[in-house]
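Each of the next two complexes has chain A plus one other chain: chain B in the first, chain C in the second.
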Partner chain A sequence: MLIREKFTVTKRYNTIAIALMVIGILAILGLYITHGAKADVHKQARFWGSLLQNSVYFLLVVNAVMFFICATTLAWGGWQMSFRRVSEAISACVPVIGIICGVILLLICFGNNHELYQWADPEKVKLDDSFQWKSGFLNKTFFAGWTIFTIAAWSLLGWKIRKLSRSIDDKPLTVEEGKKYMWTNTVWAAIFIVTFALTVMSSIPWLWLMSIDAHWYSTMYSWYTWASTFVAGIALITLFVIFLKNNNYLELTNEEHLHDLGKFIFAFSIFWTYLWFSQFMLIWYANIPEETTYFKPRAQGIYSGVFWFMFIINFLAPILILMSRGSKRNYTTMTFMAILILFGHWLDFFQMVNPALSKDHVPTMLWDFGVALGFVGVILFVTGRALSKAPLVAKNHPLIKESVIHHT
Partner chain B sequence: MVNERLNLEKEIETVREDCLKPTRKWGRSTKIWIGCLLIVIAWGLYCYIHQLRAGLGVTAMRNYVSWGLYISTFVFFIGISHSGTLVSAILRITKQEWRRPITRSAELLTFVSLLFGGIMPIIDLGRPDRIANLVIFGRVQSPLMWDIISICTYFVGSSVFLFLPMIPDMALCRDRLTVCDTRFRKFKKWLYTKMAIGWKGTKSQWHRLEKSMTVMTIIIIPVAVSVHTVVSYIFAMTLRPGWNSTVFGPYFVAGALYSGSAGVILGMAAFRKLYHLEKYITPRHFDLMGRLVLALTLIYAYLNLNEYWIPAYKMATAEGHLLRDLFSGSYSIVFWTLQFGTVLLPIIILSIPKGRKPLMLAITCIIIVLGAWVKRYIIVVPTLLHPFMPIQEVPGDWSSYFPNYVEFSVTAAALAGIFLVITLFSKMFPMMAVWEVEDGIKIEHDKQRAIDIRIQREAEEARSRALETDPGIQPIKPDIIIG
Partner chain C sequence: MSASRRIWGMSVKKFVTGNFYDEAVLFPAVKKVRRAGYKIHEIFTPFPIHGLDKAMGLRDTSLHTAGFIYAITGTCTALGFITWALTVDWQLNFGGKPFFALPAWIPITFELTVLFSSIGMVLTFCYLCQMAPFVKKDHFNLRSSDDTFVMALECTDKTNEADTVNFLQSLGASEVQVQYKETGWWLGSYDKDRKRFERREAAAH
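Here is the complex of A and B:
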């Protein structure tokens, strides 16, 4: 079989990516003029909220792809080796979006608008006992330090793991070398997973997102956020795999691999729903005022449309559409579902951020779509470049054969 | 070829005999063991009757702590019952070949621990007859109602899940019963015949069995998850500090999987030793199960982090009292021993390959199982001692709790009951799914054959290549190779 090892970025691909980025920049500018530059703090907060939602969402999604790589490395999951380079290329977006996101977060934290992070306002902290109590955790120094450390750690560890993967491209390994190689991979993947557990799966969502509603807390929050972005991450991988397949790349990947990606999306959509239900049901049932304040505007207030629509997209659609075997092996259905799920979880993040900022009406989503398209452009651009830099098949990896003969 | 076939048949015959052997003879040690269990059960029954006649006042439970050891044990037993689904269903779905010799004991453990777990809340009632009120006047809004429904569903499901793969084995027992002499032969004959439900091993029967197994495997997983989520809701839906936490559902499920899979390992180790199954349950099985427990322990440790870290960050008044009591107060020694001794220590031990050797693993699993039990106690009791509003006009000593002899005796009887049912079961039915192990051997055999054929073919090719260059070498006749 003839294998096209190198992905070449076509002109059209580049134009689309750059066009999307331009749309994103225009949307940010537009949002700045209509909201950010206004004197009203609530309007300003709308601008920052949109940036926060989009940058954090896309950062966590591309980083979840790195988590997928590390989790499959630890489990010796060989089936995904045939498209492993795709996942790696997507994870190359982490440093880029990480820097964008870091700058936005620090600007929000140290800026003059404290609508988003009320705990960053010294005046409010003085008047509020619970802010004072939490100030050991919710303070500017810790926020900035931990944010910078986290983004740096994700970027560096991801870089190391990608480098490890490419280091054997030119030299076939003997059995002994292969064992050693797997062990090095395992160690680095384990380090990443531990870092991941201490950041994305716990402290980072508390700092970045949960602290918008600083009086409210849920022990489920970080896990829930992770589940949300993990499904979206796998959907993103699926999209790129299908795109490359349609362009006659990735000869070794076939319906069997797509089927398993579909299973992942299906399973983790249900997993997400389980976490969603656990969080919602408990708070709804217990009905403690300080807890229900979070869900009141979302489930019953003006955001209820977004909230339940998001739930339908993220739960009912995958369970109904992806249940059958045929749909998981169908390129069209899978493309549709992947886009739907990426959008659904984006909507989830929208309703995590905005109800705290805009209490009397749901902000027009058009601007946010524009910003989101900008980030999609960044992902397309960076991933395309990363794909063209390395061979598309990790041909010397010890598990590649397992992936070639893989069937579900 | 013929030789190979004979070998295979001989091998399968040994498997069958090895599996059926324990069901044929009751040794003296078995009888003594059963006698001891019966004594414990009898004493527990006596204590329970005492409790029934005199009321719950004979236990240490008072107004503050009304869910003591009984309910902790209930949660623990339900947790152990997750073992069967995990090992059996998840490993079946992911097509793990090594699961074959251990599925039966895992499924049995689910069945039995669910049986006794379900009884515990009834024991906790001063008037057990009032359980009927739940059915007569039950309200759908009540978590207790959900609990009854989900546990009953799970019980029915896991019984079917245990029974389905037993059908071909029952037919085997039925057919082989005439060969050997045994006591209760008539009864056994009747039982096996009934349980085999006319199994002949025809193609359509196999097809139906496999289809229903697939369906059950898929159904039982969400049912199992829902059961422990709902069990956690009994606590989490109650407005109590430390319980009303959104992560409680997954936290309980993870805790259940962690203790349940450790329970399976203990069962494996015991049957391996007692019934001489070393040939089938190998150190490799222990190694793999050890890895599984390690992964589950890590998840459990992570959820512990969420469960205690976030409330600690909030430290609201009532939660603050509870957490201070756990972190540095009267329960701190137990709490930290549990966190370090039964979560962190197993992680360290299981990370080392030597820690996953059968003996070491079994010891670690005893620690895990005991730890999980005490942990349930630590979840249930301290929270009850710290209500949002203090209970008024009660004696001061009611604000502390330690179970008394009645509770210990009844709980011990329940544990003995579990052991008794498992022992009797293993003396009546094969403890390994015979046909599944046979299938495994056949698959292994086919694989070996495919490799042999390939080696031969390669050798032949090399020969014919050599033949082209050097005509002096004689070609092998193809029929010899196939034969």
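Here is the complex of A and C:
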């Protein structure tokens, strides 16, 4: 079979990516002029909230793709080897979006607007027992240090794992070398997973997102955020795989692999719902005022439309549409579902951030859309470049045959 | 002599069976057997072989559709019963919650959905595989549960026995045999039923 090893970035692809980035920059500028530059702190918070929501969401999504690589490496999951380079290319966005996100987070933390991170305001901490009690975790030094460490660790470990994958492109391995190679991969994937567990699955969503509602807390919050971004990450991989298939690349990937990606989207959509409901039901059942404040504006207040709409497209749509075997093997259905789920979890992040900032009305979502499109542009641009730099198939990987003969 | 006969309500047919030891031999054999127009009754293997169902041209199982129906039944049973019990039949005030306290019922609904679909699917699976307590079924070769793949070709009135045996042997099958077997399942004693059949067989020759 003839294999097109190299992806070439077409002019049209680059134009679209750059156009999207321009839209993003225009949206940020527009939002800055209409909100960020105003004297009213609430209006400013709208600007920072939008940047926070989008940058954190897209950073966690592209980083979840690296998690997917490491999890399958640890599990010796060979089925995904035929499109492994696609996942790697998406994860190459982590350093880029990481820097953008890190700058935004530090600006919010050290800036003068304390509407988002109220615990960063010394005046408020003085008057608030709860902030003083939490100051061991919620303080500027720890926030900055842990944020920088986390983003650096994700970027470096991801870079190392991508480098390992490319190191055998030009030399076929003997059985002994293959075993050694698998072991090295296992070790590095394990290091990444441990880092991931200590950051995305526990501390980072608490710091970056949950501390917007600093009085309220939920230990499930990080898990829930992770589930959200993991589904979206798989949806992103699916979109790129389908895009490359449509352009006659990835000859070794077929509907068997698409079927498994569909299963992942289906299963983790339900897993997301499980966590979403576990968090909701306990608070609903106990009915304690300091806990229900979080859900009051979301489930029953002005955000209820966004909240339940998000629930429908993140749970009901995947469970009903992706249940049958045929729909998971259908390129059109999968494209539609992947886009729907990326949007749905973006909406999830929207309702995580905004109710604390804009209590009396739901902000116009168009601006946030614009910013989101900018980040989509960044992902397209960086992933396209990364795809064109390495062969599309890791042909010397010990598990590649398993992927070629994969049956679902 | 007719290839299929009825003895005491059983439908016994004539088969040609052969053993295969290697997937790499089995798959081309399946292809050639189908192309030659033989009807594959079944291939018995000790473990699932990926892609064999496709190679044999089997249709997709209806087990998942059945599972979906069982699951929906479970959901409706749970929601319906709890709703009736707690809002109509015996209203109870739990911590000031409304009588129709949907979030509190979701876990039970989920459990019943899973319970109905799992038990229903296990029973359906047994039915589709013709397995049940006290039910007997013919085996073509007991080693098909140990170390060989056993292919059974169904013979019709027009099948030439010797040709079929030679054909299977040429495809790499060993221990090729002609067997008369009951295709369905029956309640009763396996040995007794076999003996009756064998006596009849001996008489026919």
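Points to keep in mind about this one:
Basically, the second predicted complex is superposed on the first by the 408 of 408 C-alpha atoms of A that agree within 3 Å, B and C clash if a C-alpha of one lies under 4 Å from a C-alpha of the other, contacts with A are read in each partner's own complex, and residues count from 1 in each chain.
The criterion applied here is as follows: a residue touches a chain if its C-beta (ideal position, glycine included) is under 8 Å from a C-beta of that chain, and two chains touch if they have at least 3 such contacts.
On a predicted model such as this, the values are computed, not experimentally measured, just so you know.
Overlaying the two complexes via chain A brings chain B and chain C into a clash. Comparing chain C and chain B on the residues of chain A they touch gives the larger count to B. In the superposed model, A:S202 lies in contact with chain B only, and not with chain C. Of the two partner chains placed by the overlay, chain B and chain C both lie in contact with A:Y285.
Touch criterion not met for A:R4: it reaches neither chain B nor chain C. Look at A:Y217: by the touch rule set out above, it reaches chain B but stays clear of chain C. Of the two partner chains, chain B is the only one that A:K134 touches; chain C does not reach it.
By the touch criterion defined above, A:R325 lies against chain C but remains apart from chain B after alignment on the C-alpha atoms of chain A. By the touch criterion defined above, A:K124 reaches neither chain B nor chain C.
Steric collision with chain C, judged by C-alpha atoms after aligning on chain A, is confined to one stretch of chain B among 295-303, 439-447 or 457-465, namely 439-447. When both complexes are aligned on chain A by C-alpha atoms, chain A residues 281, 285 touch chain B in the first and chain C in the second.
If you check the complex, the residues on chain C that touch chain A are 50-51, 54, 60, 64, 68, 95-96, 103-104, 106-107.
For chain A in complex with chain C, the touching residues are 277, 280-281, 284-285, 287, 323-325, 405, 407.
Contacts from chain B toward chain A in the complex involve residues 225, 229, 233, 236-237, 239, 244-250, 302-303, 305-307, 309-311, 313-315. Within the complex formed with chain B, the residues of chain A that make contact are 130, 133-134, 137, 197, 201-202, 206, 217-223, 274-275, 278-279, 281-283, 285-286, 288, 291.
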